[in-house]
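Right after this note come the structures.
In what comes next, subunit A is part of two complexes: it sits with subunit B in the first one and with subunit C in the second one.
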Partner chain A sequence: MKLLVAVKQVAALDEDFEIRADGRDVEADFLIRDVNEWDDYSLEEALKIKEAAASPVEVVAVSVGPEDADEALRKCLAKGADRAIRVWDEAIEGSDSIAIARVLAAVARKESPQMLFAGVQSSDHAFASTGVATAAFLDWPHAAVVANLTYTPGGDTAVFRRELEGGVLHEMQIECPAVLTIQLGINTPRYASLRSIKQAAAKPIEVLSLQDLGIAAPDVGESGSLSRVRRMYIPDKGRAEMIEGDVEEQAARLAQIIKDAIGGAA
Partner chain B sequence: MARDPKHDILFQPLKIGPKVLRNRFYQVPHCIGAGSDRPGFQAAHRSLKAEGGWAGINTEYCSIHPESDDTHRLSARIWDAGDVRNLRAMTDHIHKYGALAGVELWYGSSHAPNMESRATPRGPSQYASEFETLTYCKEMDLDDIAMVQQYYVDAALRSRDAGFDIVYVYGAHSYLPLQFLSPYYNKRRDGYGGSLENRARFWVETLEKVRKAVGHDCAIATRFAVDTLYGQSGVEAERDGVKFAAMADPLVDLWDIDVGDIAEWGEDAGPSRFYLQGHQVPWTRIIKQVVKKPVLGVGRFTDPEKMTEIVTKGFADIIGAARPSISDPWLPKKIEEGRYDDIRVCIGCNVCISRWEIGGPPMICTQNATAGEEYRRGWHPEKFPKKTSDDSILVVGAGPAGSESARVLMERGYTVHLYDTAQKIGGHVNSIVTLPGLGEWGYHRDYRELQINKLVKKNRQSQVALGQKPMTAAAALAYGAEKIVIATGSAWNTDGTNCLTHDPIPGADASKADQLTPEQVLEGKKPIGKRVVILNADTYFMAPSLAEKLAVAGHDVTIVTGVHLANYMHFTLEYPNMMRRLHELHIKEIQNAFCSRIEAGRLEVYDIWGEGSKRSYRGPGVLPRDPNKTQRWLDFDSLLLVTGRHSNDALHRELKDSKAKWAENGVKDVYLIGDAEAPRLIADATFSGHRLAREIEEANAQFPKPYRREVAVWGVSHMPEGSTQVEYQT
Partner chain C sequence: MDLTRILFEDFAPAAIGLFYVLACAAVATFGYGVYVQVRKYGRGVPVAFSGELLARFKAMLGTVLTHRTIARRDRMAGGAHRLIFYGFLLLFLGTATITLDYDILGPLFGVHFWHGKFYLGFSLVLDVAGVLLTAGLIYMMYRRGWLRPPKLDYARPDRQPADPDYDRSAYRREDWAFLWTLVVIAATGYFLEAARLVWLADKPDIWDTRWWSPAGAVLAEGLRAAGMTNTGGAALRLELWWLHGLLALVFIALIPFTKVKHIFTAAGSLMLRDPLAAQRLPRVPEEEKRVGAQYITDFSWKQLLNLDACTKCGRCHEACPARATGAPLSPRDVILSLREFANKTLSSADLPPEVELDVHGKGPGQVAMETLWACRTCMACVEVCPVAIEHVPVIVQMRRKLVEEGQMDPQLKKTLQTIHKTGNSFGESKRKRAAWTKALPFPVRDARKEPVDVLWFVGDYASFDPRNQKVTQGFASLLHEAGVNYGILYEGESNAGNDVRRVGEEGLYETLAAANVKAMAGAAFKSIVTTDPHSFNTIRNEYPDFGGRYEIQHYTTLVLKLLQEGRVKLARKLGLRVTFHDPCHLGRFNKGYEAPRDILRLLGCELVEMGRCRANSFCCGAGGGRIWIPDPVGADKPAHNRMREAAAIPGLQVYVVSCPKDLTMFEDALKTTGNEGKFVVRELIELLREAIEQEQAAPTPGVVAA
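Let's look at the complex of A and B:
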């Protein structure tokens, strides 16, 4: 019995940053890398199932990315994942979430887990589509934004809850294998001890190429994507003014601002 | 990050007499426990601030003559060539970093008890000091006046020779010049008393003489408490204050303005419990309006926004700071570089001041564990020696000691896991901040929390694990750390154990419904009845703080105290307003009384001086005094036990007991820091964590390395040409 957990090494902006020369991303030097917050929860959910299981469960973490994604995978290994797989090929550069999903689906086919967990979204790009797109490529049932899960390993179905508006909960059942996207707060992610961090540093990470997965290069990267970033930019700052003076002066200034804003009309 | 251009105004240079301040940040005179006897400490502490961007940096009050000797408290002195030599170390070091050095020339009159020199202080009229109540001065005649003014001149000349750029005539905190000005002290009927012109004469003449002596070489400053806060019986800002300022303006190059006196100088160095940043501005701005010379004001300025407002609105030209400069000697540099969230904000606890009030041990700071350790331990607050091993470290407990230790270890490059059961870094500070007036103490936690969160981003192997299960010895050993630091804090005693009897009090038991520890009060889960009795054997803030909190919430509060209630708050200058607060809330205090036993709803109280005063031998098993028969019952609905604390050291004991398993688990050493080692001030807990982090490579790092001492050296004379022979008059 196997659970596959997709994780992503996301990027956060440093205090100061610059946009790349081509205007389509932030200059890599200004990015701070970390594991996507949602993925901490999906890994924890998988580890909880493994620990509660009567029969052996294998938790496999997978990430699509260059070598720096190893950091995310090592974190998973330190917390208790049994294996880690990283898929990379130069051709994957520039992929959107659909192209990434194509790769993840290929890994899922290869590993044939009972369930694939992904985060609801990644904190950097926030498309919230990788998980569900993977399900589409696999033609597996899927559910998004799962806030509670009951699953007995080996079972054909899982029961989960989703939060709807106004505090209403939706309880549903799904056939396995399935893809679930996991919401923050579903559990309390654990921390790795120093010992397991050190041990994880020595564990192997399986690196797969496109060839290993039988994916043709044009099916990933920009050519394999359905969307394309035109530009990334910082919008002009809104103007704010601190209105000072006594109440009358403040009122007069405010009236003036409104007049200016509505133009000649007044 | 670059600084916000709106703060540029704080970086504009300003001319003061013959000198130029490079910006508007100025360390006003404040004691550190160095004076002129610990020149290394003095030079290092002050020049670190010059490096950190301050434009002007002063000594503490600096006595001009043995007639003004503050022993047991520790001032600087510029009495002779020996002092000049020692103070030169400070000015030289400050000058290396392009800042100006100032000296605050001080004559104390009756406020200085002259316990070392045994000289007789002189004053405007004879009075017994309200601060040193056994010290009287001699009323000066005209010869005395001329003589003391010459002391100022001679001291000013020595100051110039010692390399000082700014020379003060110190007339704040009710020292001599202000004593002449204030009718509270000055009862004279000659040309130096009576009218404002007469009362101002001593000060004005002294400024004239000092200016004539050194005014070409040095900027002349005067520190003026423009309001002694007694109403008409002292100096009021809008009466004598503005008039004196206008009169003396031509004679000064810099006005250093504050308020208050010496006996209650917490009105100047206002604790955060009672005063916000900028609390003196209403007075400072009054003087700024009447003088032409640059004005500096104080008021625990830590926030660049507030500072900018002070300067742009014309309330003052220069930002004076004592405590903020102790808490963060690099405050100006951090503002200049736009590193606003790296500022270690002064929490206003006044523990720095407590050491001066106690009588001169080196100053300490709750926020900045390196304060006072610059020279003797070589600690720089912003620079850390690189780690010397790849040992990883587990710190159990994220309170003041643990979080400080983790921060410094991370700064040094170590991989650190900081572990706590609480959801937030800060330990007991998280609950202390909910006590009345102590919200700003939370900056201690905030600084560490923010820095640690930045540091774990730099080293992904490091981690902050909050909300965890209590750590066990087995889990700690198996954790995989080479070094384990235990910082599990302390707790209030639940059984009444206290500093007076060293034993539990019969019947004391905080697991009962009507008895509570301070933690239980702060937690807010246990109901508290209308009539509250606080049984106190602690001399700091917990009992009065809880009394205030509960009285405000409508309880009738009585404090039974076997120790001087809030005694340490004398030293932090919180005492006067704390007492006013207890008084206005109708909190009753039963002093010199403690408790012999507790029953449901009542405690037995006795007078601690109730036994016989005559001591005689009466055989074994019999007290050598007549027994205490003052016991009586006092009823309560809820009893608060503020009797003492104990370390939470069980984990450490267990780890020590399993020493045999250390090696097989790869554990090299285990340490105990902060309250878990022994309950203490937050400042000292923080220090202990910092100290361990700097010395963790030492063979026995649990125990501090020796520090460099500055003491008189046998065979070396203080005076350049002096002798050290034992010689008697013949």
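Let's look at the complex of A and C:
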């Protein structure tokens, strides 16, 4: 019995950052890397199933990304994942969520897990589509934004709950193998102590290429994507001003602001 | 004249034989008990000791003979214990002398010295020793029975009355049995002596020298006055002889099984004392698979011996800030719990299965995680313990296990992850670490780029906390004006790790220490200064284990020197009535008591000490990572307790601190205890700035008057 967990090494912006020369991303130097927060929860969900299981369950973490994604995978290994797989190829650079999903689907075919967990979305790009797109490539049933899961390893179905608007819960049943995207708060992710992370450094991370997965280079990267980034930029900041003083002063200031605005437009 | 004391005179050979059999049985029981205890300690992890055995022995002997540690903060108990100790020691040596003469030198070499003048002097000394012993014992009974100091109350803050190990009446019974047994042994000894004198009253050489045993002689006079005859004396002597002898033998036999064993365990514990027990926590060996203490056998044999040395004196219990504010922690009870646990699990010939050795939990003798997380690693317990028990490493080693399992407050978990990610506990970008320098009218050197004399290790709180940044800027101005060639590491600096280590996140600590050691290796400097006592402690005492050996001082010593050399000039005297709070990591941990006080004096402040000061300073509650764990809502906090203590000083104007975390903790506590407006909390640097600056803009007294 196997559970596959997709994880992403996301980027957060440092205080003052600069946009890359080509204007399509932030300069890598200004990014702080970490595991996508949602993926902490999906890994925890898989580990919980593993720990509660009577028969052996293998938890495999998979990430599509360059070498620095190893850090995310190592955290998964530190927490108790049995194996870690990283897929990379120069050609993958520039992929959108659809192209990444194609890669993940290939990994899922190779590993044939009972279930694939992905986070609802990634905190940096927030497409919220990688998980469901993977399901589409696999032609597996899927459910998004899962907030509670009951699954007995080896079972043909799983029961889960999704939160809808206004606090309504949606309880559903799904046939396995399936793809679930996991919502924050479904569990309490465990702590990976630094020592366990260091010890996980000794565990191997399997690195797969496109060839290993039988994917042609044009199927990933920009050519394999449905979208591409045109530019990344910081919009002009809007301004707010608290107008103070008595009514007359306030009116005068307001009139001034309007005049300035009209003047600027003219 | 050839006087000696009769021993077995008029005894049937069978009786003498019986006595020797019983004596041998007592010694054998004693020996077996010692074996069981030693076997128990042997089940701990082996430890290597630094320092010579002889030096350690001498240090221990000094402590024991002077009673230095027992007399601290409790002179009466120290005095009474001294009486008991010396009384007991003399009586013990006396008995040993008799054995040497009668059973060893006599039979083997025909040598006897226990007679004549020696014997008379000997009698006098032993009589006096008995009086000392009895006086001490009686005072201790008075103390337990009537004075009843709160520290001798064995009620546990970490258990509920319904819990199976809540009841501590067995300890109380043992205490009283111990005192009474010794009193009865002493009393029977005196009456025995008196009865012997009455019996032999018609032998002039004995009767005439009776005042060499003054206590016995007084009693003998009394007995004779009450009408006791020679034969009556003889009969009484025989009965008392057996009673006294048997009691003494039982006492000896029971030493390893009762609190009496503290004679040995306390001496051993003192010998093994680590003067840096709380300041420099033990490393986890690289190859070690498991981290921290989960099983009782994960403690070192020295720690197991420590557990047995505790005399329940309650000094740690009294000093503990967690206990004082109602947290479910008493350092005494942690030690006693583990002792009970060790006795239960490690005393038989075979070790029980591993699950029964787990010290974590709520069962009898186990330690709950709430208890462990309540500790602020303030070292008050270690510092005051008269028998050198080292609670802090025990607690931190157990926490390491909790951290490994993620059993901690969610907020703390988040902070640790943040520190891992950003290198600081504020979750700020590394680049912002030196943002406080931007407001200064002069540049601060980057020690990574140019050599400096003094490397200033700023630390997280002083770097990122807005209130503390003002102090940090003040110190920079002071260094600048004094012409000190100093620099900082800018974003090269990481959290020093002192508190991370005390939380029990050893892996993260190793990472931080390594990062800082590496950053400092890339800078050229002569010595380090810091305003943060926490950073000060770990860099000074713990970085050497990670290859970082530096000369480091807390800012107070550097500033004092600058003042004395006239490099920092004061424009005016402040004339404030102040009190000084010794930060744990500066005072107790590193004995930096004088410099801040000297500076206050130079500033023209009137220093009024709080009751708990210097080594007995009361933790603000931020230590051991507790600054990252929210205190329970509504509960009393150590900082509150401290504010109330300060508020009791009449006319207090400024509560002076010299630690960034103290400033945060106490300014908050000042408000929440409703003392705002009565006095203010100031960092010593702020007072220095006030005294240095000419203009009198918003001086502290103004704030007080407002």
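Quick notes
FYI, the second predicted complex is superposed on the first by the 245 of 266 C-alpha atoms of A that agree within 3 Å, B and C clash if a C-alpha of one lies under 4 Å from a C-alpha of the other, contacts with A are read in each partner's own complex, and residues count from 1 in each chain.
One rule holds in what follows: a residue touches a chain if its C-beta (ideal position, glycine included) is under 8 Å from a C-beta of that chain, and two chains touch if they have at least 3 such contacts.
Keep in mind that this is a model prediction, so the values were computed, not measured.
Subunit B and subunit C, once both complexes are superposed via subunit A, clash.
In the superposition on chain A, A:Glu111 makes contact with neither subunit B nor subunit C.
Of the two partner chains, neither subunit B nor subunit C is touched by A:Glu163. When the two complexes are overlaid on their common chain A, residue A:Glu15 makes contact with subunit B and with subunit C alike.
Residue contacts after overlaying the shared chain place A:Glu71 against subunit B, while subunit C stays out of touching range. Put simply, subunit A uses residues 15-16, 32, 34, 188, 191, 193-198 to touch subunit B in one complex and subunit C in the other. Of all the residues in subunit A, the ones that touch subunit C in their complex are 14-16, 32, 34, 188, 190-191, 193-198. Only residues 15-16, 32, 34, 71, 75, 188, 191-199 of subunit A touch subunit B when the two sit together in their complex.
On the subunit B side of its complex with subunit A, the touching residues are 1, 392, 394, 415, 417, 457, 460-461, 463, 465, 467-468, 478-481. Contact residues of subunit C toward subunit A in the complex are 284, 291, 403-404, 406, 408, 410, 413, 416-417, 420-422, 428-432, 505-508, 510-511.
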